[in-house]
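See below for the structure under consideration.
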Amino acid sequence: MDDVAWTRTEMLGPEAPPASAVGIVGWMRANLFSTWLNVILTVAALGAIWLLASHIVPFFAHSVWNASSYSECREIVARTWGEGASGACLAVIRERWKQFFFGFYPADYYWRPTLAFILMFVALAPVLFSSLPRKMLWFSAIFPGVAYWLLWGGSIFFPIAIYLGFVAGYVAFRVAERGPSFLPPLAAAVVTIVWWLFIAGPLANLLPDIGLPAVQSKQFGGFMLSMTIGVTGIAFSLPLGVLLALGRRSDMLFVKWISVGFIEFIRGVPLITLLLVASFLLNIFMPPGTNFDIILRVIIMVTLFAAAYMAEVIRGGLAALPRGQYEGADSLGLNYWQATRLVIMPQALKISIPGIVNTFIGLFKDTTLVAIIGLLDPVGLITSIRANSAWNGIVWELYGFVGFMFFICCFGMSRYSQYLERRLRTDRH
Amino acid sequence: MHKGILLGAFAGMALAAGAASAGTLDDVKARGTLKCGVNAGLAGFAAPDASGRWEGFDVAYCRALAAAVLGDAEKVEFTPTTTETRFTALVSGEIDVLARNSTWTFTRDVDLKLDFIGVNYYDGQGFMVSKDLGVTSAKELDGATVCIQTGTTTELNLADFFKTNGMTYQPVPIQTEAEARQQFLGGACDAYTTDASGLAAARSGYPNPENYIILPEIISKEPLGPVVRHGDNQWADIGRWTFNALVSAEELGVTKANLDEMKGSQNPEIRRLLGVEGSLGKMFGLNDDWAYNAIKAGGNYGEIFAATIGEGTPSNLARGLNGQWTDGGLLYSPPFR
Amino acid sequence: MTMPVAVTAEPFRLSMLIYDTRYRSITIQIIALVATLTFFGWIVSNTLANLAALGKTFDFGFLQQRAGYDINQALIPYTNDSTHGRAALVGIVNTLLVAVLGCITATIIGVLVGVLRLSSNWLVARLATVYVETFRNVPVLLWILALMAVITDLFPAPAAFRGDNATAAMMANGTVAITNRGAYIPWPVFGTGWQAVAIVFLLSIASAWAFGRYAHARQVATGRTLPTFWIKLALIVLPALIVDWLVGAISFQVPELKRFNFEGGGFIDKSLIALWFALALYTGAFIAEIVRGGIQAIARGQSEAAAALGIRPGRIMSLVILPQALRVIIPPLISQFLNLTKNSSLAIVVGYADVRATLGGITMNQTGRELECMILMMGFYLLISLAISTVMNVYNASVAMKER
């Protein structure tokens, strides 16, 4: 073959592409103006961008940060940019940002919610990133108590007494685990509740009152309130959702019906009706004379609400597990609760995390509804700031700020859950 | 391990929850704070300032009551309420007293099981329109679009007024004062109707107040007052007489400034009011200096009025019907005897 | 040939209730049943005790009482002399109205944006992504409030249409006025002989349907197609128009600017517009994601095969991709419809009189019947969601992949 002189021994290099197909021009041709339809779409899109930008850009370009009232803001804008110019009065954010983040929390203790917020990420880290050491999960477990103590203050021994209830319940669970399958959860529940009802209170009262100054939940507000409601709702709804999901998949007809009934009822009504129940009716359902504050009532209803959605997410996770896992656990001789705790749930929960994050995003956005029943979450604060005579008439700056903050949080979380979904997809072989 | 975590929450609450069944006074004393329901945001009457401190006419009453009961005007927890949640919050025991410019009506008093303990502001429903419309009387509003706050008595009054005059209108329901401003100034409604005090206060906050007029017709009586739960007479008495003490103090010339001086007054009613003579406070379970403390919190009725909604404040309201009876107003406190 | 297995009649012992798996589940269920009943009994007895303490009764008589308040947008006749029950009904109709309008609009927006997100046009695809992310990640309550504020601030008041130097003008040849109070539109008035027009209209719809069948049969038989869309449109519209022109039965009343407002014609309140579009834009962003996911779920080979057959890109989408994608799209789409319906309960923040605003708002507030109103309202929403999930189940059964 080598003696055939006219055969090339190597490929010719490619010709340089025509000028119209490379560089910016080529890119634009390929991506913006490839067909007549695309030309029209591009022009329409440019028009839409121009329309929006022509309103929004000057508004923010002319923003005022230093003013003590809305009328002063408008004066400054008119003086600097001419009569009739529109400008954002961001001075209101500058004056009220603390209220937006902390509500009416005492200013001296701002470090407490801030610390709780930071610790939340430490607690979440081992759940979200599986490469971290598993021992960190212990901190995740005690975080709710720490956060409660930081936010509400009071004696440190109160959350500790509550936690000891879990310990007692766990001991009862392990002791009863050799018995029939329904005994462990029953024993754990009974021991824990008995502990909380009859031992925890006196124990906490007995011990010295060492701790942080107490803060009333009335003083919660702004994003801190949204976060508290959202995070507590999700944290408490997780175990409840696990139970409901297991109940819904149960062979026992009646247990299944209770679970299905609860889930479908909660998912069938709007959250606002549940909040109205919290506001109007929950006290009527409790024994006469019971009275606990509205934020606690809202958290209860939000927890029930989230539990129904959580149950569906976890049910999806359970359904996605291969049958072999159940059969494998059975063949090892594990009973129902052992199999669930050691084999099924760890896997089901892991693949449910993106769904759980999505549920949290939805719940976090839905916490704005508490403004309708008069709580001062960010949206409720907008109302009360607009009522202040200094800021009468201000609209867009406040909505824009609150919307922007929500966007940052929710967008970040949804990106994270998409990343998780992608990773989980490649994880499984 | 997580079993019954919700029940745990309930149990936790059982530890924290107080029973509201005993007398309200005992509850308040045991708790050490007064829970007061206020408007979530109405300029002059109740709104939090930048540092989160509540200010306003209704707020001042709550502080006076806290001072009378607990001796400290700062021991108040303010609960913002909406028109929808206010009475339920009171009846369910979430708050001890509601001071949220609520109108005293028969059905509220009788059917909703509330007790109005007095009238701290005599009001009436009026209309405000833009001058450009050329309207001089509410009777000319046939076919107009009217902005109105929902969940209030004004809604019913408005329907009645247009009905009796054989006119029609298009209601634009709104939730808050701020929204009303936006709608009304934007021309989304021709007329804005609410209590006349609210109209005046709102107008003074507008960029060009002279462009708007308040029509002469007052179409309803709106006696606004603090409310307590029905059935706790001791607590209702405390609320009622704390308010009367503020009114009497103005009538008798007792002010925040001359309070201590007045203790030495020879007027027996002032002496009884300030607890120098007799022991009125003991009769309903308070200290004898209860009224002294109440007045010290924010001054007498006139001083509170002037500081929060009176002339010179953003609301800029004249005393009018809310003057002392001696000045031709309707404020008439029963004697302290 | 199965032999009946003889069950050895083991004597029943009490401990079998716990240790024998056959009986254990019954034991657990009975415990659960008793616990549930006790819980509900506890709640009912608490409620009764509390109601008695408040001196309240439990009855629905208030629904027969005069409501006394006015509603700005009612599809069925209503005045302030009507009963609270009637007001609740107005609210229910309004909820259904905004839900239906919102679902339709959200679907249109969602499908459009979902397809545009996959567009080869870089700018349009990015813009669609920005829309989806912005609307999905901000609470719907804020969108509703913001849209209401936009309408109030950006559209002219009716007064702007007045006088010689009016700053705003009516659109569509002076028949439509879009103001910051809402949209005033022409409204049909049915004069004598409108029945004839209606009958002709119904007949032409029937003939259009018959023509569609004929055209399809012809295409199957001969392979030739007819411009069915235009012919159908003409069949439906033209005869009725001609008859109406001859008889002069149906006329349109055009809104006119009077003392305060435009009067005559139809009126769409701005609260409805704000709620409708806020819900549609918000839900549309979710639907766009569903549509995109559905389209991407279809194997690439499908569109390549269709392209190989020489089908145009638009037709590939409508004939090959979408019909297959629908199977994936519809179930989550319906659950979005359910979400939209539930979110419509936020109507009160813009003053739209839905069932939550009338029955669960003003009526509850005026009568103090919280328990009764809440029960009725939750019952209504439950009924709607049950109806929607029934539709979904029927659909799922009908499109389920026929596996052999």
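Each chain gets a letter, A, B and C, in the order it is written, and its residues are counted from 1.
Here, contacts are C-beta pairs under 8 Å (C-beta built on N, C-alpha and C of every residue); 3 or more make two chains touch, one makes a residue touch a chain.
According to UniProt, the chain labels map to these proteins: A, C = General L-amino acid transport system permease protein; B = General L-amino acid transport system substrate-binding protein.
Just so it is clear, the structure is predicted and the values come from calculations on it, not from any experiment.
Asks: Report which interface contains more C-beta contacts, comparing B-C against A-C.
Replies: Of the two interfaces, B-C and A-C, more C-beta pairs touch across A-C.
Asks: Would you identify the chain whose Cα-based centre sits farthest away from the centre of subunit B?
Replies: C
Asks: Where the CA atoms of subunit B average out and where those of subunit C average out, how many Å apart are those spots?
Replies: 42
Asks: Could you give the separation in Å between the centres of subunit A and subunit C, each centre being the mean of its C-alpha atoms?
Replies: The separation of the two C-alpha centroids amounts to 27 Å.
Asks: Check each residue of subunit B and list the ones that touch at least two other chains.
Replies: Correct list: 84, 88, 175, 182.
Asks: For subunit C, which residues are shared contacts with two or more other chains?
Replies: Residues 149, 153, 348-349, 364, 370.
Asks: Please set out, as single numbers or ranges, the residues of subunit A touching at least two other chains.
Replies: Correct list: 280, 283-284, 288, 372, 395.
Asks: Can you tell me which positions in subunit C touch subunit B when the two form their complex?
Replies: Residue list for subunit C touching subunit B: 54-56, 68-72, 80, 149, 152-153, 156-160, 180-181, 258-261, 263, 270-271, 348-349, 351, 353, 357, 361-362, 364-366, 368, 370.
Asks: Quick check on the complex: what are the subunit B residues that touch subunit A?
Replies: 1-9, 11-21, 40-44, 47-52, 77-82, 84-85, 88-89, 92-94, 175-178, 181-182, 185, 205, 207, 314-315
Asks: Spell out the part of subunit A that touches subunit B in their complex, as residue ranges.
Replies: By the definition above, subunit A touches subunit B via 71, 95-96, 99, 103-104, 107, 158, 162, 165-166, 169-170, 173, 185, 188-189, 192-193, 196-197, 200-201, 204, 216, 218-219, 221, 236, 238-240, 242-243, 279-280, 283-284, 288-294, 296, 299-300, 303, 372-376, 380, 383-389, 392-393, 395.
Asks: If you look only at subunit C, which of its residues touch subunit A in the complex?
Replies: So the residues of subunit C touching subunit A come out as 18-19, 24-25, 27-29, 32-33, 36, 43, 46-47, 49-51, 53, 116, 119-124, 127, 133-134, 136-142, 145-146, 149, 153, 342-343, 345-346, 348-349, 356, 360, 364, 370-371, 374, 377-378, 381-382, 384-386, 389.
Asks: Over in the complex, which subunit B residues touch subunit C? Could you list them?
Replies: Its residues touching subunit C are 83-84, 87-88, 91, 111-113, 132-133, 141-145, 150-151, 155-156, 158-160, 163, 169-175, 182-183, 186-190.
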